[in-house]
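Look at the two complexes coming up: chain A is in both, with chain B in one and chain C in the other.
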Partner chain A sequence: MTLPVARRFPFRTPSLVTAGILAAALWGYVHLELRLGDLVPGSGGVTVAAEFFSRAVSPALVSEADFVPSGTPPLLLNAANAALLTVGFAAAAMGLAIPMGFVLGFFASTAWWEEDPAGARSRTLRTLRRMAGPVVFGSTRVLLAVLRSVHELLWAVLFLVALGLSNAAAVLAIALPFSGVLGKLFADLIDEAPRSGAHALRAAGATNSQVYLFGLLPLALPDIIAYMFYRFECALRSSAILGFFGYPTLGLYIRQSFSSTNYGEVWTYLYALVLLVAVFDVWSFGVRRRILA
Partner chain B sequence: MSLRIEPGEAVGLVGPSGAGKTTLLRLLNGSQRVTSGRVWVNGSALDSLSRTELRRVRAGIGFIHQDLCLIPNIRVAQNVVAGQLGQMSLARSIREMVYPSRRLVERVYALLERVGIGEKIFERTDRLSGGQMQRVAVARALFQEPTALLADEPVSSVDPARARDTVDLLVRISREDRLTLCVSLHSLELARAYLPRLIGIRDGRVAFDRASSEIHDDEFAALYDLNSGTPDA
Partner chain C sequence: MSAAVSVDELWRERPRSGFIRGSLIVFTALIFGCWFLVDVDWADLVSARRLSNLERFLLEIRPFPLHELPWSWSVAWQWAREFMGQRGLEAVLATLAISLVAIVLATLGGALGSLLAARTIAAAEPYLPESRAPSRTALWTARSLVASTRAALVGLRCVPEYVWAFLFVALVGPHAWAAILALGLHNAGILGRLGAETVENADPAPLRALRALGARRSQIAATGVLPLVLPRFLLYFSYRWETCVREATVLGMLGIASLGYWVEDARTRGHYDTLMLLVVLGALIVLAGDLLSTVLRRVIRRA
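What follows is the complex of A and B.
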């Protein structure tokens, strides 16, 4: 029997994409000459790895260094302090990135200007208005892409060269790419939100900014909040890693202890980071449940 | 199509799906532009207005949408206040949507009492039943303090008893407040029972426009007749 409608389900695009990804992966394996054998460590490596991982169950509680300069705070106090500063850098960066993300996300979303048929008296003014939306949208999208295509560590290197070791530069290094990611995501969430409420507000005479704030934002807000918490967690990890450049976060001490082979201390700092992320996760879960219920 | 609706009049739009009832209502509040011809509202032609002027006209017309178009995850009071955004500055609207003043809350409560759901004022909107949400949509439109109410199939999603209640509410309130009312309805019985004047629309044209008591059953049958007129499916 022949059907008078389309012959099959439109599987062509998904299967092409899947085949493309598989081909790229295969090319990667062959071109990079990946071998499982390379993952077996040499005898020296095994010793170091065993030494390092054996300390996982016995992290250091006091300093393991042979020589401790006077005035050095005790290890646990130092770990707590570094954890606190890790939070400090992350929070300062998010404090910048969230408002920047909101502003950029506003200009990078289309939902609030796209469908307003209301016109001005003159034809020229109408045409200009019609063009303004796409121009602002396009240039904001490009800016967002630039901000987030440069990784925070790369920004940090740039700032380190240009400004030296300044805390403000570290905060900015995290804040810039994060505002790019947040802005893109906020814009996408706003544009994906159902628009019927927004239509109703516009029909009742609301302006574009009111339509955005009260017709679209409330619908996207649960996802926006969930994603902000997730990005905060990412900021905590980035802030810790920035320590590798010399900022006084957990990464600094992880690097120092590692290079002086005080593996017990490394674990102490690692556990501090894990604890930090875990505590944050529990807290954010509670907050989200209360807001979204 | 040529139509005239007087201030304070209550008019029903009837006709088959796709006849152009929604389009007509959207033209009336400037949500859609005319490709030819003109729409006059309270003495001004909509296509000649600036954006601000058009916003002012829209703010004076309450519109109740077929699928209600409420914001589900905010409080009932906030949905009602949203009706008046067109008359507020941005700063004031932020304040009143986040921390509504006591005076505003009292006004919202009085209005919700009038439509019968005063106790739901601080409830999350999506926790309400279909009939209750419909009343929120009516309250939002009324909160604009409009001179006219447009309603697009306002009862298509509720059972017949609720539908009767809602149409009754719309007609009663517009009479009490001297609002112009224009409702599109699927149900002929409802339209005939509650609205003094009916406009039959088919294929974008006015099929009849008379007092509902003068319209003959044959005319209704012809309006919905699937076999005459242009087939469109």
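What follows is the complex of A and C.
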């Protein structure tokens, strides 16, 4: 009996890949002319850093601004409100991205055209479908790639210069790249689902939409749901960041409080953000664990 | 037994989870309820004022040498090439370099975090619980170590990269380190969590054998756990590198020399032609990163 331990070549692929990655990072280090010494902030930076981090244990509970205009809500209420709006923007974007993802994902999957469907009754229809299928599939894939490869903040900047500050534009800025990501994933999951059930349905005389809705989609649905929850968490982070561009989410207040050096307030908003994302993180993880187990 | 009965029975015996059902209800409620939270005015998006703004924008994204001239690919290409030579290429390389250094640091941090957060190796008696009953203090130390590491990982990953970067730029200045630390910390939090799961799911048999031979914890980690989890770690690495490249493009908007720096520069100057070119460039970097990491995953999976 031979033990399956000995290998002919002393280095396995994972080790080689690791070495390649380390070499690439070394190139990056040299290219950026990084020095560990630059990590130490200057004397001014040290004071600010000390001041900032010392407030981590004592976040502000009331506003620290010298002048508080009348009618401003109390700090904690404002933080809660900003957190709520952060969820609001994220949910609105997901509300658009999920249906868009389903529609785009349908056209970007091979399931609806690759296997000559029984539904096309006449020869002309069948030929048309055979030609249109790959074209629609290909162009949807390209559209998905364009949508998701432009970062949501770049979409936001584009909308900002093209249309100005608008809540609808902020929602779109998150929804567009997210529909690209969701669409691609939905298409991949539907294509990876086993097709035996779909074949059986087709043989039993089901129409195309029935095959798709009852033979393919249910098999991919658990993974789709699990992924939707994860993307919601990502949308939450993006929505918070949009605040840096002037939208009333948590990022706006983090920036404002920081620039007026009210570090205690910064920590209040940071903790609100961490708490919010952590709740969704634990939630989406729980859903994924139960679904994928 | 007729077919109808068995289908009914199958339906009744389908896996059901109250948690998932409840989650879906809350999820749907959030998505429909948010329209009451956020004041979204779609009509305003296509108002006359915004449309005239859009029209001006569409005129100004034409490359500068082609302003108010008929379109010519060669002139546009020449203009784009000139920009690439001046700033574009350097911006792309800096973005890639930042993402690479950041993800490697994140992986190292995440690997350390995953060892400290894995209940199997960060236990009072790793892998051989039956050998002798560990003392109460040892048990308590191990448990609190795991719990505090997990809490720290949650904190790291729940702060978005952009917020980390904003804080670091304010503290160490608009240096590439700010972007690297921001990406590194956020991703260390994610990789640490994923890694902890991988370490906990690693086949315990060889690790028990190592322990029985008298290997110390660090020796088990280096010679037993690491080879077992490396392929999985590399998969996670490639997924996270993809997002790192994506985020590195925009972190520059905070003043760090990546692609985003020039985006912000073009925006404040009102050079919308350059802005558009940079957005396209950013998309191309992201697509290249996607492609590269897909190839990497294929290589790892085949091994």
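One rule holds in what follows: the second predicted complex is superposed on the first by the 242 of 293 C-alpha atoms of A that agree within 3 Å, B and C clash if a C-alpha of one lies under 4 Å from a C-alpha of the other, contacts with A are read in each partner's own complex, and residues count from 1 in each chain.
Heads up, the rule we're going with is that contacts are C-beta pairs under 8 Å (C-beta built on N, C-alpha and C of every residue); 3 or more make two chains touch, one makes a residue touch a chain.
Remember, predicted model here, so these are calculated numbers, not experimental data.
Within the superposed three-chain model, A:Arg123 lies out of touch with both chain B and chain C [touch as defined at top]. Touch criterion met: A:Leu163 reaches chain C, while chain B stays clear of it.
In the overlay built on the shared chain, the residue A:Phe89 is in contact with chain C alone; chain B does not reach it.
In the superposed pair of complexes, A:Trp27 makes contact with chain C only, with no contact to chain B. When the shared chain is aligned, chain C comes close enough to touch A:Ile225, but chain B does not. After overlaying the two complexes on the shared chain, residue contacts for A:Ala200 are found with chain B alone; chain C is out of touch. Taking chain A as the reference chain, the count of touched residues is higher for C when chain B and chain C are set side by side.
Interface residues of chain B, counted against chain A in their complex, comprise 29-33, 47-51, 54-63, 65, 67-74, 78, 82-88, 90, 93-94, 97, 140-141, 144. The touching residues of chain A, when paired with chain C in their complex, are 12-15, 17-18, 21-22, 24-25, 27-29, 31-32, 34, 38-39, 41-42, 45, 48-49, 52, 84-85, 87-92, 94-95, 98, 145-146, 148-151, 153-154, 157-158, 160-164, 166-169, 171, 225, 228-229, 232, 237-238, 240-241, 244, 251, 254-255, 258, 270, 273-274, 277-278, 281, 283, 286-287, 290-291. Those residues of chain A that touch chain B in the shared complex are 117-121, 196-197, 199-207, 209-210, 213-215, 218-219, 221-222.
Residues 17, 19-20, 23-24, 27, 30-35, 37-42, 44-45, 50, 53-54, 57-58, 93-94, 96-101, 103-104, 154-155, 157-160, 162-163, 166-167, 170-173, 175-177, 180, 230-231, 234, 237, 246-247, 249-250, 253, 260, 263, 267, 272, 275, 279, 282-284, 286-287, 290, 296, 299-300, 302-303 of chain C are the ones that touch chain A when the two sit in their complex.
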